[in-house]
Amino acid sequence: MTLKVERLVVEHGAIRALDGISFEVDAGSLAAVIGSNGAGKTTLLRTISGLKDAKLGKIFWKDREITGMKPEDLVRRGLAHVSEGKSVIPELTVRENLSLGGIWRNNKSELEESIGEVINLFPRLGERMDQRADTLSGGERQMLAIGRALASKPELLLLDEPSLGLAPLVVEQIFETISQLCRQQGITIILVEQNAMGALAIADTGIIINLGVIVAQGDAGSLVADPALKSAYLGY
Amino acid sequence: MHSPKFLKNPNRRRLLFFIFLGWLLLLIGDRVDELRVYQGALIAIYTLAIGSVILLTGYSGQLSIGHGAFMAVGAYAAALTQIYFSPPIIITFLAAVIITAIFGALLGGGAARLSGPYLAGTTLALALGLPTLANQFEFLGGETGLSFDVGFPPERYGFDFTLYKWFFWIAALATLIMFWVMQNILKSRYGRAWKAGRSNQAAAELLGIHVGRRKVLAFTVSAGVAGLAGALLGMISIVSPSAFPLSLSFAIITGAVLAGLTSLAGSILGGLTLVIIPEIAEAISKNVSESEAVSANVPGLITGVLLILTVLFAPNGPAEQWHHHKEKKKLKAKSKGS
Amino acid sequence: MQQLINTLLIGVSIGSIYALMALALVLVWRSTRVVNFAQAGQAILSTYIAWEVVNRSGSFLMAFILAVAIGGLIGGLVESGLMRVLLKHANEGPVAAVAPVIATLGLLAVIRAVVGLIWTNEGKRFESPVSTAGFVIGDATLPFSRLNLLIIVTAAVVMIIFSIIFQKTNLGLALRAAAYNPEIARLSGVRVATTRTIGWIFAGAAGAVAGILVSPNDSLTPNSLDTLLVFGFVAAVIGGLESLIGAVVGGLVLGVGLSFVLIYLGTSLIFPTTFVVLVLILLLKPAGLFGAKGARSA
């Protein structure tokens, strides 16, 4: 087990966004977190990566408690978070966005190496290295956002709705890449999605959240096969 | 005991309260010495100026650093009116209010679209630059300035009615009347609309309140009030660029911040503080060292420190903070009891 | 023609000082979203220190380096000692929006008073390190002097150093990322609180350079940099308040423009022109000449 969340409670003012969530994600596996708008998926990722404080509960990463740690410290422990809505800085160039991902290591050659790996993965970024990020298409921006996270050499990658607002073909390509990152590079991935079928198809395990509580979790295949879940939460 | 019918109406009650306050002030003014009377006039003027800032910042959420500029406009308007037309004195003050209000409306037309740092910076530029214009135009009297002469007190008040007492009467009455007017504005539809605009612009717009127009109106009224304060200040001192330095604007803001920025009633507290600060500085320089540097700079030091401490520890003003504190205590007591 | 060139040169000289002050304001604005009115105070304190060192050691260079370093230090102290506490404390209530601005005003008052207490309010003469007599070409004496040249060169050097730091180094990348999007910067491991302090340090140093460059051959008093603050603010607004290049261009445009006003129309129109320019820019081109999208009513 690498990531463990125990009875997590998170509040936005008076509203309870997460109400006692517990789950585990094994090393090198891909977990899909599924739920509708407002279910608490984004809050879950933001709390794990340290952007939001938990009210109650604990988070462990590689057997050490990380609850309440700051995002800038968690990056140094191998966590990378691609936040909602193409998390790139539009005013910076593609190269600068990628460099930002590896900035904390302060090591030029290692940085160049990981930028090279990102370009291997997304050749289209390589052709646009000196363009500003706001000149990229939606799909390219999502690639850049993932690329920025990868440049930090993460062991755990948190992805918040990478398929949002992208054309179906691009979505397929992004999901393919995410699956590859997990299978070939052994990165543990938590993938938050509204696109339940697409996400569960590449995931090992699935966690279905509704209104801040987990309604079902388990093997991705068996979740998809459960007819009750299918009609209630998976939208098919 | 039932209050008489006449007092059932809150507006009339307020009017009576102000009249009583005025009578009380005049009584006090009769019983203290010359210096205190002068300081009394100063307190009234500062209170009025602070009231104008609170009207703008506290009730419409716009921070103006430049109220010293409005005061200067009012003072020059009054002095010029008096010099060229010499109408009855009340007309002169009215002219000062109207001219400054028009000036404020013009500025507010632009400022309505600005807020936060942009408005603050623009009004700062105004406070710094406007008074220096007097040096450029001969009819404004240059650095020596103009004198705004309201004349001697009427003879029927007797010989021992001094000029300063006369100033105090005018300043105190003008301030009282203006506060009464402001209170009424705030209780009106307009005033409530300003507050709505301050707390939530989007919501106010949904309610059909035109925030931009209200802001201009708030600017206009606030400028008019500040103009009157400026004219009064010109009356007791002199109308020159050096009478309206940037530090005057700072002092007024300090007074407003100390008063809590959210209630007109606090203005008097701010006015008192502003008059007391130089007194303290004087006392310090007498006891510590007789140097001019001390007496010239200690007021600024106290003002600055008070500003910083207030925003750090009592951002809504000491009065409000105290109130808040008490409420909390009450709540705690209640929850323990239940 | 000759007068035209003279006006232009003088304008560039004074404009580069405005540009430095504008840079200081923009650096703070980008890192903290506050227009730092105390910048004039921080700069005046640095300038008085420079004056003191010049008087004691006779070395302008040493005074300059020391005062700029202290200027940076003051900036860092103001951020970590005051602004950080303030932003943590006063984050709700009706006054929250104006609290930071009020705090910088208070600080301005405090610094001025302290300067006045130490050095008195009497004007000090800050001797120019180089000749202030105009260059002589043929039999004509230009108003443009060695001092003007020194100002332009110094300002240019400072700006080049800044542009290298911001464009070529990791620190610069971290500063820009934190300014544009603090959240993504943090997720990338940038310590945003530290970059904020560094922004204030740079701003303090830039403001100190501006103060030291504008003061020679003039009377130095505790409030002699107030007008520079206003011109710097106008320059920053012309440039869009967000952009470092915008601040520099804004400063130069304002300097040259005002120089033309001064020579061809007279001093009396300097302030009205500045004010009209400020209001027009804010009303017609609210994002400045270099600003990105986004309104000013935030």
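Each chain carries a letter (A, B and C) given by its place in the written order, and its residues are counted from 1.
We take it that contacts are C-beta pairs under 8 Å (C-beta built on N, C-alpha and C of every residue); 3 or more make two chains touch, one makes a residue touch a chain.
Computed from a prediction, not measured in an experiment: that's the story for all the values here.
Asks: Chain adjacency by touch: line, ring, star, complete or other shape?
Replies: Topology of the interface graph: linear, an open chain of contacts.
Asks: Point out which chain occupies the most central position, where each centre is the mean of Cα atoms.
Replies: C
Asks: Using Cα averages as centroids, what's the distance between chain B and chain C in whole Å?
Replies: 32
Asks: Could you work out how far the Cα centre of chain A sits from that of chain C, in whole Å?
Replies: 42
Asks: Averaging over Cα atoms per chain, report the distance between chain A and chain B in Å.
Replies: 56
Asks: Within the complex, which stretch of chain A touches chain C?
Replies: 49, 51, 70-72, 75-76, 80-81, 83, 87-92, 96, 99-101, 103-104, 106, 148-149, 152
Asks: Spell out the part of chain C that touches chain A in their complex, as residue ranges.
Replies: My answer: residues 170, 173-174, 176-177, 180-181, 183-192, 292.
Asks: Could you list, by residue number, the parts of chain C that touch chain B in their complex?
Replies: For chain C paired with chain B, touching residues are 29, 34-35, 37, 82, 85-86, 89-90, 93-103, 105-114, 116-117, 120-121, 222-223, 226-227, 229-230, 233-234, 237, 241, 267-268, 271-272, 274-275, 278-279, 282-283, 286, 296-298.
Asks: Hey, which residues of chain B end up touching chain C in the complex?
Replies: Within the complex, chain B contacts chain C at residues 57-58, 61, 63, 65, 110, 113-118, 120-122, 124-126, 128-130, 132-133, 136-137, 198-199, 246-247, 250, 253-254, 257, 261-262, 291-294, 296-301, 303-308, 311-313, 315-317.
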